[in-house]
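Have a look at this one.
Per-chain residue numbering starts at 1, and chain names A, B, C and D are given in the order in which the chains are listed.
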Amino acid sequence: MKVVLQNLTKVFPSRNKKSGEEVVAVNDFTFEIPDGKLIGLLGPSGCGKSTTLYMISGLQKPTGGKIFFGDDDVTELSAENRGVGLVFQNYALYPHLTVKQNILFPLQNLKGADKLPKNQMLERAYEAAKLVQIDNLMERKPSELSGGQQQRVAIARALVKMPKVLLLDEPLSNLDARLRLQTREEIRRIQKETGITTIFVTHDQEEAMSISDMIVVMKLGVVQQIGAPQAVYDDPTNLFVAKFLGTPPINVFEGEVKAEKLYVGDSAVLDVPGVADQPVYVGIRPEGFIPDANGPLTCNLSGVDVMGRDVSLVTTHESSLNPVVRSIVDADAAKNANGITVSYSLKPHKVFLFNKETEERVYFEVK
Amino acid sequence: MTHQALLSEKNLQKVSTKQRIVKIIVQVMLYTFLCVMALIVVFPFYWMIISSLKSTVEYRLPVPTLFPQKIMWGNYVEAFSAANLGRLFINTVIVGVVSTLLSLVITVLSAFAFARLEFKGKNALFGALLATMMIPGELFTITNYITVNNFGWLDTYTVLIVPFLVSIFYIYLLRQNFMQIPNELYLAAKVDGTGDFKYLCKVMIPLSLPTLISITILKMMGAWNSYVWPRLVTKSEEMRLITNGLRDAFTDMSGQANIPVQMAAVAVVSFPLFLVFIFLRKYIMKGVSRSGIKG
Amino acid sequence: MKKILSILLAVAMLLSMFALVACDKGNQGNQGNEGNEGNNGTDGKPAGMASYDVPAVGYDGSAVTVVFYHSMGAKLQAVLNTYIPEFNKLYPNITIEHSSMGDYDGVRDQIKTQLTAGAQPNIAYCYPDHVALYNVTKKVIPLNNFIDSTIEVTDAEGNKTVLGLTEEQKADFIEGYYKEGAAFDTVGTMYTLPMSKSTEALYYNKTFFEKNGLSVPTTWDEMEAVCARIKEIDPACVPLGYDSEANWFITMCEQYGSPYTSLDKNDHFQFNNETNRGFVKKFNEWFRKGYVTTEEIYGSYTSGLFTATEGQRCYMVIGSTGGASYQTPPTVDGQPLFETGMATPPQVNPAAPKVISQGPSLCLFDSDNPQEVVASWLFMKFLTTNVSFQAEFSMASGYAPVIKSVQENPTYQAWLDKASGYNNLTALSVKLALSQSDAYFVSPAFNGSSKARDEVGILMQTALVKTGDVDSAIEKLFKDAVGKCNFSIK
Amino acid sequence: MVESKHKWKAWLYLAPAIVLLLIFTVWPIINTVRIAFLDGYNMLGAVGGETYEFGIKNFTDVLDEYSGFKEALINTLLLTVVTVPLSTILALLIAVCLNSIRPLQRFLQTIFFLPYVTNSIAIGMVFEAMFNIIGLSPDAASAESWGIINNIIGLFGMDPVNWINVNSGYWPNFWVMVIYIVWNALPFKILILLGGLQSINKQYYDAAKVDSTPRARVFTKITVPLLSPMLAYVVITGFIGGFKEYSSIVGIFGDDMKAVGTDHSLNTMVGYIYDALGSNEGRASAAALILFAIIFVVTMINLYVSKKKTHF
């Protein structure tokens, strides 16, 4: 079931009536979510990703635009009739019902043609429970379960009625680090197995990148970029998207293009054919630095972070916008970085230029 | 796991119109039920108000009239003048305010002890307190009368205030609210050396402010409506409260009370309370819901 | 579960404390003044204190406060407030503090509670039943020594009077009202002085009676005939409205001379007898024929029926003279619809009429300071014997004065002459009350007599409306009523 | 609970409450029990120097044929068993409806709180005036005016009922009192339940919506269970209040506690105690102890039942 959003807008009247100015939570959001795909809505808090999710679920009414499930216009349809599965950020499991009763709850609401006999309901419930591997906790009360377990019960409850669309609102935010990794793999596996069109909202870009088929980066209600995670990572349309994706984050410098050469500080660091002379922001991915004794870019070394397999050189540079410039290099390269400065040469495809005013991407041919 | 059948265009239309109709029906039913119940609740009031505006003759008419033929505003004037309301009003306010404040202090202290401090026999004591709520108050009146007389408190403000300062229900309400404040806060305060009392004032009271406000309002209303005890323990006119001042002022010689004026008096007494509720409704509501009575 | 255990434990603790305390038996009541030990009123002996020794010096002029409880409305309190300064002219050091307790029951409940704590007032409005209840504490002062006292009292204006009542003052009291003070025992101990009295009267629609040539009934048989006749003229009406069922029952017992209650401690309640059951049955038949109704049965004031301009009406009401103003005929564009006539209620034997007497009397309470008692007595004497006070109070209240000489008072005479069946029924009712003053009777007063009055009232109400097997129903009602009364003093 | 080093401190906080309770609550209880075991104790008599023997005569007297205690007990039980559930359910329905509407919510809520602010005896008089029939004929066929309530039910085609007048049966009287008691009990219950509703996390309702749960099921499966602690509290205090019911009788039937011409008395336990206080405090105290025992047992049952029923 593909989900189509057409110029979806949502405007909230501001809290105090007097001032009257409104908050545009979602601004003209158009996007077609292909059937069976796992989509990540990504962006800092307050960027309208949750509002979009709730509009798709029907709990929020859009002020403008349309929503289609397949080719049915469901904009006016209330949540009850959309048959959507929704997993809340803090799970919203019914505290007074056991896990089994929680999972059975949606099935007991099915009417008319979809009504199921009792045994089939139980069978489906256990099937969903097995899917999320909590079939041993069926008689427990939510208060007796850990965060992760509660999360999985919420997912089971959403899946059991085989909804057309599965929506997840920051599913991993309440979990501890180790559990978060494990659960996101679970979500990935479940989605692949069931093939349900799934949209999940998160502010953790690493999580979105790791499991989504496509991600949508949003900022203040406006869609910045849509695409496969790696594509968006490798080809950000603006500085915000570049800075938002990737850990450790992208290093940003002030630079200038003169005669198709990029100057950072006063040294030319890269040939940028086809780019007019203009001051630019220069974004360099941490993995875009190659330690090179006579590399064009030299920074003052301030420390070495060993993160398991690869090593990160912590340096500073006067025209860097962030306090620290961090690069990721292989371990042995780090061994001979013992001086007070280190020089790099740059991998062109890891360097992005952005217009100073519009912060839009400025492209240059990469040989 | 197959997908559900797609909603065809036709029945999609049907579903959304059905949904709208259901929505309207539900709204209509809700409002009719509420309005009918509101009417039932308000009707006795309406009857009380129009009775208070009828002349004694009209009130005695065998066929009761739904609206007074001759509006007797005089009844309200008589209700005011016959019972020198000014003096009664001041007495009631003084007694009400002082007893509310003192009882608030006692309630906070006791609730704090029951909620936060640990001591032997705490639950037994609290259980005993709850048990006393089960005993009808009429029994205590005479024994308490003898006690206050021996203390020589008769016909003073003390006798109107002191005996009922401890209200167990409010201690219970506040204790529930205090127990919802997490232990960690108490531990943290202990660690940086704040004493129990400072913790009570700095942390617990601000956190349970809504409940405290609703207790204060409800307690004021109680003081306002009290009738049996004030009448018993006050002799002189100056010490009378509004409820008994009004009630006694209208029986003429033959013992046939002038009911319309009495109704006017009751209306006069309940009107300030009604205003208090209208303005402080939000607080009472927040207080009660925040107290989260967990049985 | 923990919570339940804690409550169980708590209550067990409470109960154990009770048991501990309960076994120290014996009375703990604070000791009244032992000096005037009296027995507890077995068979007619004085119910409370035998006698009170009046201080030899009489009133020594010391400053005392006299607390007086009553149930006067604002209008009557105004009259009292004009006469207190008169009293203070004679005795400046006696300050009078008076306050209203609402209705008669309010006064009774207040004093009863204060008696238990020894904080009773000095003087109080009272009914014989109330005094009997107060006297269980032996704190009500017998007035005989005061009435007969010859101790001299000099008032502020220098004239000397005797503390007690002079012969003319005693004779001036209306016999029926005065006797009420000695209803508490058979040896004539006086516990109250009458203050202001009302009685029952037959109000009738004089115009209607004259128009239809009906004569005012003087006996119950005549009443039955008149009711039948009225029912023919106006079938929709209820000829007679009798306000108080209890008064009706007690008056009938008195008129038939059949026993009602007695002071004999072992047999107080004697009203279950053949004669009484007879007249109750007769009145039941009257009710079923639609001849009579009462305030409780009708559901609203019978005066509403008497003064009704349309719909159901009644042409006679037997009710208190105090409520005379309510029987004022309605005026339609300035013209009264009819004239209200008043007469003595019908009698079994018109030659020896018996009419109930009601209205407040005054009683005196013991106090630690004897001078307070003497001062209170002086104020009581003033209220009951001062002609102008009695006159003005009667005019304001519509109740009859208790002393005969009030009738010679010129202003009072003028007021009485203005009596009319159209707009001054109050004066008319006082005139009637004075005319039937030798017909008054008083029922015995003892601890439990008010219960008897309540029970016979309920009995009469219930019996009147009974249908089907009326006789056995009436028998059961009488048995239950006596049973409940005996139980109340068990 | 946290261990506080010096135990006496807790008692310091409780001191004012304890002292006042000892004087004005505990001592009267002890006095009541003392009097209950003194045969035929009468306070006025005690003042007059009479002595009373220790014994259980008061208790046997209370059960005497003419004491009216049994009727009072039956009336109270019947009234409580009917009014508490009725008022709780009504309050729950009103609270839920109030909680689910926006416009007019404040206005209606203020109206529903009205009964809480007025004097119950005065309203009793109003109820009496509304149900009262005036000039009922001996054969109860016709009447001067059937009274307001009868006129209203007449609109719906029902014939008039003799509610509280001459020869009215036990059950019409009973239902008048039930209506009065429920009417008086509603405001406080609505307040508590509405408070409870507003403290329920909104997301449970969103979750139910997404699971397309019908309204009725939302009510029974989510709202009521989550409100169960509040409901338990309201029922328990309701029973305690129900057993102490008294003002409703005086308000409607006046002092003699019965409709005209009926044999049954509508007195309740507290009414019985109040009457007995007039003449015989010993018997009143005995009756009060019996009442206390009954309320205690019922509350224990309620507590036990609610412990099992409430969900968290």
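Here is the rule we use: a contact is a pair of C-beta atoms (placed from the backbone, for glycine too) under 8 Å apart; a residue touches a chain by one contact, two chains touch by 3 or more.
Nothing here was measured: the structure is a model prediction, and the numbers come from that model.
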item	value
Lowest number of touching-chain links that must be crossed from subunit A to subunit C	2
Most remote chain, CA-based centroid, reference being subunit D	A
Central chain of the complex, centres being mean CA coordinates	B
Chain pair bearing the highest count of C-beta contacts	B-D
Distance between the centres, which are taken as Cα means, of subunit C and subunit B, whole angstrom	40
Gap in Å, rounded to a whole number, between the CA centres of subunit D and subunit A	59
Approximate Å spacing (C-alpha centroids) for the pair subunit C, subunit D	36
For subunit B paired with subunit D, centre-to-centre distance based on mean C-alpha positions, whole Å	16
Overlap residues in subunit B, where contacts from two or more other chains coincide	62-63, 125, 129, 131, 142
Touching two or more other chains - residues of subunit C	3, 7-8, 11, 14, 116, 118, 300, 305, 311-312
Multi-chain contact sites of subunit A, meaning residues that touch two or more partners	78, 80-81, 83
Complete list of chain pairs which touch one another	A-B, A-D, B-C, B-D, C-D
Residue ranges of subunit C in contact with subunit D within the complex	1, 3-4, 7-8, 11, 14, 17-18, 21-23, 25-32, 34, 37, 40, 48, 105, 112, 115-116, 118, 133-134, 136-139, 238, 287-288, 290, 293, 296-300, 305, 311-312, 447-448, 451, 454, 457-458, 461-462, 464-467, 477, 480, 483-484, 486-490
Parts of subunit B lying in touch with subunit D, wherever the complex brings them together	26-27, 30-31, 33-34, 37-38, 40-45, 47-48, 51, 62-64, 66, 105-106, 109-110, 112-113, 116-120, 122, 125, 129, 131-140, 142-144, 147, 162-166, 171, 183, 186-187, 190, 196, 221, 225, 227, 243, 259, 262-263, 266, 269-270, 273-274, 277-278, 281, 284-285, 287-295
Footprint of subunit A on subunit D - complex, ascending	201, 203-204, 206-207, 209-214, 217, 221-222, 225-226, 228, 311-312
Parts of subunit A lying in touch with subunit B, wherever the complex brings them together	1, 69-70, 72-74, 76-78, 80-81, 83, 114, 159, 162, 164, 194-196
Sites on subunit C touched by subunit B in the complex	2-3, 5-11, 13-14, 67, 71-76, 97, 99-104, 106, 110, 113-114, 116-119, 198, 300-301, 303-305, 308, 311-312, 320, 322-323, 326, 397-399
